[in-house]
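What follows is chain A paired twice: with chain B in the first complex and chain C in the second.
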Partner chain A sequence: MRLKVNGRQVEAKEGTLLLDLVEVPTLCHHHHTETKGLCRLCLVEVNGRLLPACATQAQEGMEVRTDTEDLKALRRTLLEWLALSTDLSQAPALLELLEAHQGQPQRWGSLPVTRREREPIRDNPFFLRDYAKCVNCRRCVDACGDGIMGVYALTLEDRGLLAHPTTPLDRPLPGTPCVFCGNCVQVCPTGALRPLSMEV
Partner chain B sequence: MEKPSLLPLLDARLPLTEEGVAEAARLAGVPLAQAWGVVRYYPRYRGLPQGRLLVDDPVARARGFARLLEGADGTHPPLGLEALSPIHVRIEGRERYVEHQGHRVPFQEFRLPFHLGRGERLLPPEPILDLEAYRRRGGLEGLKGLLEGRLSPVGLIQAVEEAGLLGRGGAAFPTHIKMRAVAQGAPPKYLVVNADESEPGNFKDRFLLEHHPYLVLEGALLAALATGASRVFLYVRDEFEAAIQGLEKAIAELKEAGRLPVPTEVFRSGGLYICGEETALLESMEGKRAEPRLKPPFPVEKGLWGRPTLVQNVETLANLPLILKEGPGTWRQKEPKLFSISGDVARPGLYELPLGTPLEDAVRMAGGEPGELRAVLLGGAAGVFTRELTFPLRYRERLPLGAGAIVAFGQGVDLWEVLLGLVEFFREESCGKCFPCPLGTAVQVEMVRRRERSKALVQDLAQTLKGSLCGLGQSAYWAYQSLLEVEGAA
Partner chain C sequence: MRTTCPYCGVGCQVEPTVREGRIVQVLAPDIPPNHGALCVKGRFGLDFPFSEKRLLYPMVREDRHQPFRRVSWEEALDYTAHKLLAVLKRRGPEAMAVFPSAKTTNEEVYLAQKLARALLGTNHVDHCSRLCHSSSTAALSRSLGGASMTNPLEDIGKTDLFLVVGSNTTETHPVIGAMIKKRVRQGAKLLVVDPRYTGMAEAATLWLRPRPGTDLFLFNAMARFILGEGLWDQSYVEERTEGFAEWQASLEPYTLEEAERITGVEREKIALAARLYATTERAGAYWAMGLTQHTKGTATVQALVNLALLTGKVGKEGAGLNPLRGQNNVQGAGDMGGLPDVFPGYLKVSDETARKRFEALWGVGLNPEPGLRMTEVFEAIPQVEAIYLIGEDPVTSEPYQDHLKAKLEALPFLVIQDILENETTPFAHVVLPAASFLEKEGTFTNTDRRVQRVRKILEPPGEAKPDWWILQELGKRLAQALGRPWALYPGPEAIWEEIRQAVPEMMGGITYRRLEGEGVRWPCPQEDHPGEAVLFRERFNTPSGKARFIPVDFTPPVETPSPEYPLVLSTGRVLYHWHGGTLSRNSQLKEAYPELKVEVNPKDAERLGIQDGEIVQVVGRRGRIRARAWVTDRTPEGVVYAPFHFAEAPANRLTLNALDPISRIPEYKVSAVRLEKLD
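Moving on to the complex of A and B:
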């Protein structure tokens, strides 16, 4: 099967993810969880439509573009907004990406309500839940539930900018079905969940 | 597989306790985590705001919103009452009232008080609230034809195709294509009537549900029979109490008369704007947070409980009996569309106009003076401001019709105030599933507050919101961008 990526002919097997054929940043996608299509950082243009490379299969004859001015503006802006609203200090990969895209979060002014105001939750001896750093990618929720563990100790709270993970009935983790397997910490891309051993 | 839905189980346990949530989760057969995620999503499970609330809509914004707000304890999302403004809603515990023009009416008794405005019409101008009256006016003939074999399911879909009916919910997708896709799918299949209209400036579906329940039901049953759906669900906005009661009465009457070939029931919506997005709607029916799904797969392949599902807007379905009655050719010539016209017009209300009517004629018909307006907001919150009123109201014309809202603003109106209301609406209604929308709608509110006119910033805002997962985020900047254009043209 053949398709075009940025004008170049590419051979691919039927059903290959576009993500495996193109170079684009990702954030919500992880090979151990089913999260995809949420962060929109990996968007590419396919025959004029915006599609997430992490959730789109290659098809015969596709014309894929990854580097249009519009896509560059989109990625840069999205990274700027993330930096504006969320504490990325424990997410070096995202900070590098922001720099590589020449992001200037300040150009948007300030947000009166951000995620940064959240206090870290210390409710267990193993890891911290520091949702000021959470981008709501839901990798942890999926890892704990449908994706890996099937334990369902995590769920989601609220809507819009303030949506973020929580526990059933907002209980401390030891009061939930959590078995402290650490999968959620493993998949968290921002340091919002991090081992207490890393704290000084 | 079909399971008892979580939302009605939670509804039955309001006000919720931890035990109530746990019990509902157990009965629905879902993890407590899922039930808790649902409780922390929908306002009615989190607890409704109490007190006297101003219905926040573009018209209220245009009429001194800040002053109106002084006598209120907060705001309430639009209810399709914009034509009457200003409106307050009073919530006391679980009791809700509508306050307007000095009257206080319980929610369940309140119907949109106006009748169908003038214009060429296929819809009966007066409400038809019992089966006999509906029959006297030639109702149920289409359904009878289908049940008695004078019309085949394939024939019905063909008639819809010949009529060229486009979905009336805003997306304007050809109805017959969706119907045919579901008809070809393997059973069990479902039909869901999307009656979750919650967009500022739009009140046409609410009107149809309250005034023409039999027409809506006949349309739904026709579509169900044509596609082989084994159940019909009417997903009705929770606040439309009078409509819900009217529909339930009509369903019972049809059943009694032996004219309910497919089991039909009302499902109370989650009560949020995003619940009208068809996949978010299905998620909420399945007992989850109403968050849009990634598409593909589309609902016609994998809809409710993973089964082929036809999700159709109220007005779209109400047109099926009319197409059969008129004949597809005649219907197509008249191409009726309902427009909710409000704002600075003498006779705000609902108007049935043929597609192709110039916008200025529509405004005039409702008693507006096109020459004296500052702008018209076309299409509701997910709409655009325009000063150019000569073009025809038609799908895929210059500007999007959306669901058919037209809000006129006179010279005294500060359009930036109106815009602020619209962008705050988007920020409040963003579900938060994807990234560009919750971030971008929050940034946008601040931009509009400071009346940001930088082309570069607005361009990047638009470009990024365009990448959102669903139509809510994708259209959230239209009003902003169009206001800058209107200003530039002034």
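Moving on to the complex of A and C:
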């Protein structure tokens, strides 16, 4: 099958994700946890519409653009908002992206509510849940649920700026079905979940 | 740097980051078998090499009542060689036993059995899988001529029905448990046969809860029902098997009615399970110690093998017979000849052609008599005078602990080579400190026959040395005194090269270089061979090429409940711990599960007036232990369940050493006990 990416003809096999054909930043996408389509960082323009490259399959005749001025501005803004609302100090990849996109979070002023005030939760012998650093990518929820473990000790609560992953009824992890496999820790891109052994 | 998890047979690939002498985090790379997933043990339990209980220096003492004396390696090795030679001279090879370990590398097991066979002349070689899957090994070898998983773990993604029996998979092989559950979420069916309501039972499409020790009856009844309904695979049976008629006749007594009476499972459920298993093309059976650790362990596995053959499930993708091996290198320890009756590659010591092959390779004459099995060696003390124990803790893992301790006290010479002090160390005469998995090179073979690299990430602490080095040095001394040849190897890769030569049909194509990327599965005869995924596609490994049906009859467990001991004790493991607890309880894992809890069914608890969380005594014919009661219906009425990881409350003080007649595995899963309140 043939399609056009930024004006160039490209060959692709049935079922290929746009993400495999184009260079765009990603955040929520993870092939083990099957997380996709949430953070919008990988948006591309397909025949004039914006679609997430991580959740869209290539189709015959598609015209895909990845580098329009609008897309660049959108990515930059998304990154700036992340940096504004979240502590990215342990997410070097995101900080690099921010810089590469010449992001200037300060230009939005300060936010009324941010995640940064959240206190880290230490409720088990193995890892910390430091949601001040969380970007709601959902990877942890999917790792624990359908993606890998089928344990469902994590869920996403609330909406908008208040959205955050947590345990059912906000219980301490040892009071949930959690088996401390740490798969959520491994897929967390921001250090919001991190081994206690990393502290000190 | 990437290495292989040292806990269970899944063989997960791990990448530990070590900083300033501790592990900061463990990630899993995106390659088989685990594809980025881990369980709590691999993720958070790899820090035992830093334990204060590390054995750091060689130690020696004349007898067990003296304190240990720290000595140099020279002295320790000279002394050990001298003592072994003295026993050899006085009592002959039959008085010595060498136990390699399913926790050491293939190269090390190979050297250990070579030392025993080529230098000491004894076939008393065995390792801890005697206590876990020897029943599976026996049954599978007799029927199929091979004793490993027939199908690769990748097949889990292609399986439409899982028959999981006697395996608490989500706790003992968690990554496989998660893989199976995921496949079930995608629509596959899961039949679970287990007395306990495990994580697998929770995820099951159909859960059968037989009384402990009655699975054999259940399988025979399923087979009889499948035959009666005409659901069996006639052409498969005709073309690929033998012994059918005789076996069929033996099934006569196993009616559904009788099965219901004996197993306690409703006949409709048995029939439904049988129908589903027989009629699903891609149906794979998975099992573990719930089947094997019985006096009829071999027979029970055999009944399952018969069932799979009847329905044509072996030699096909997404199906097969899949014993889940316990220790990280159980598969490898067997492959490397860490068994009393076989050389590397499962070639029989009693077979002349096989013996000639190893006599030529090692340059010595070899003993044609199969040796004693581990459980028998301990019984044979003090006729057996010297035991060289590598990485094992029999005081915690063998049944009937008090009896075993008495035996060890009567043992004239015990060498212990290990990384951590454990319950058996106090019985030693010589202690040789070994390097842990983080501190040496080599290979482990996981449960689906994948040979994988173990890589050195750290220097061993103190004067600890890799097991292969210790074996090689000891061998050198024995060889000199005996005037026998003994090759010296610059490192594990050179040992592996000899293994490739020894068993080319199995390992010939597997080089360290190939293992740089992913592991490679045996059999792999040439370097361009990808490694076999599904075994027995065309023919079985028996002389006729056909699989054999073998009739097996139900016998009740040896110890049945009595008025004095009205409950059945079943032993096993929990997610957070491993085996005798030596490793896991010296890691971060101990905090998650610090003490022994026995599972008690709420009905039993109510009758006995036992509260959840109360400390009770579990009393059996051979001893008693203290434990915290966990009142839960995970365990059926009339049964209590105790993990055996806790040295201070050893479940194996209660178990009996009644053995399976064929595999010599002890009946860990059924002994009679009562619960006593403490006041």
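Here is the rule we use: the second predicted complex is superposed on the first by the 200 of 200 C-alpha atoms of A that agree within 3 Å, B and C clash if a C-alpha of one lies under 4 Å from a C-alpha of the other, contacts with A are read in each partner's own complex, and residues count from 1 in each chain.
Throughout what follows, a contact is a pair of C-beta atoms (placed from the backbone, for glycine too) under 8 Å apart; a residue touches a chain by one contact, two chains touch by 3 or more.
This is a predicted model, so every value here is computed, not measured.
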item: Touched partner set for A:181, first chain B, second chain C, both or neither; value: second
item: Partner chain(s) touched by A:154 [first = chain B, second = chain C, both, neither]; value: first
item: Which partner, chain B or chain C, touches more chain A residues; value: B
item: Partner chain(s) touched by A:195 [first = chain B, second = chain C, both, neither]; value: second
item: Residue ranges of chain B touching chain A (in the complex, touch as defined); value: 18, 21, 31-37, 40-41, 272, 289, 294, 427-436, 438-443, 446-447, 450, 452, 457, 459-461, 463-464, 466-469
item: Interfacial residue positions of chain A with respect to chain B in the complex; value: 27-28, 36-41, 43, 50, 52, 55, 70, 73-74, 76-78, 81-82, 84-85, 107-113, 135-136, 145, 152-163, 166-170
item: Touch list for chain A against partner chain C, complex; value: 32, 124-126, 146, 148-150, 174, 179-183, 185-186, 194-195, 197-198
item: Chain A contact footprint on chain C (complex, rising order); value: 22-28, 30, 35-40, 43-44, 47, 170, 174, 178, 181-182, 185, 203, 575, 588, 591-592
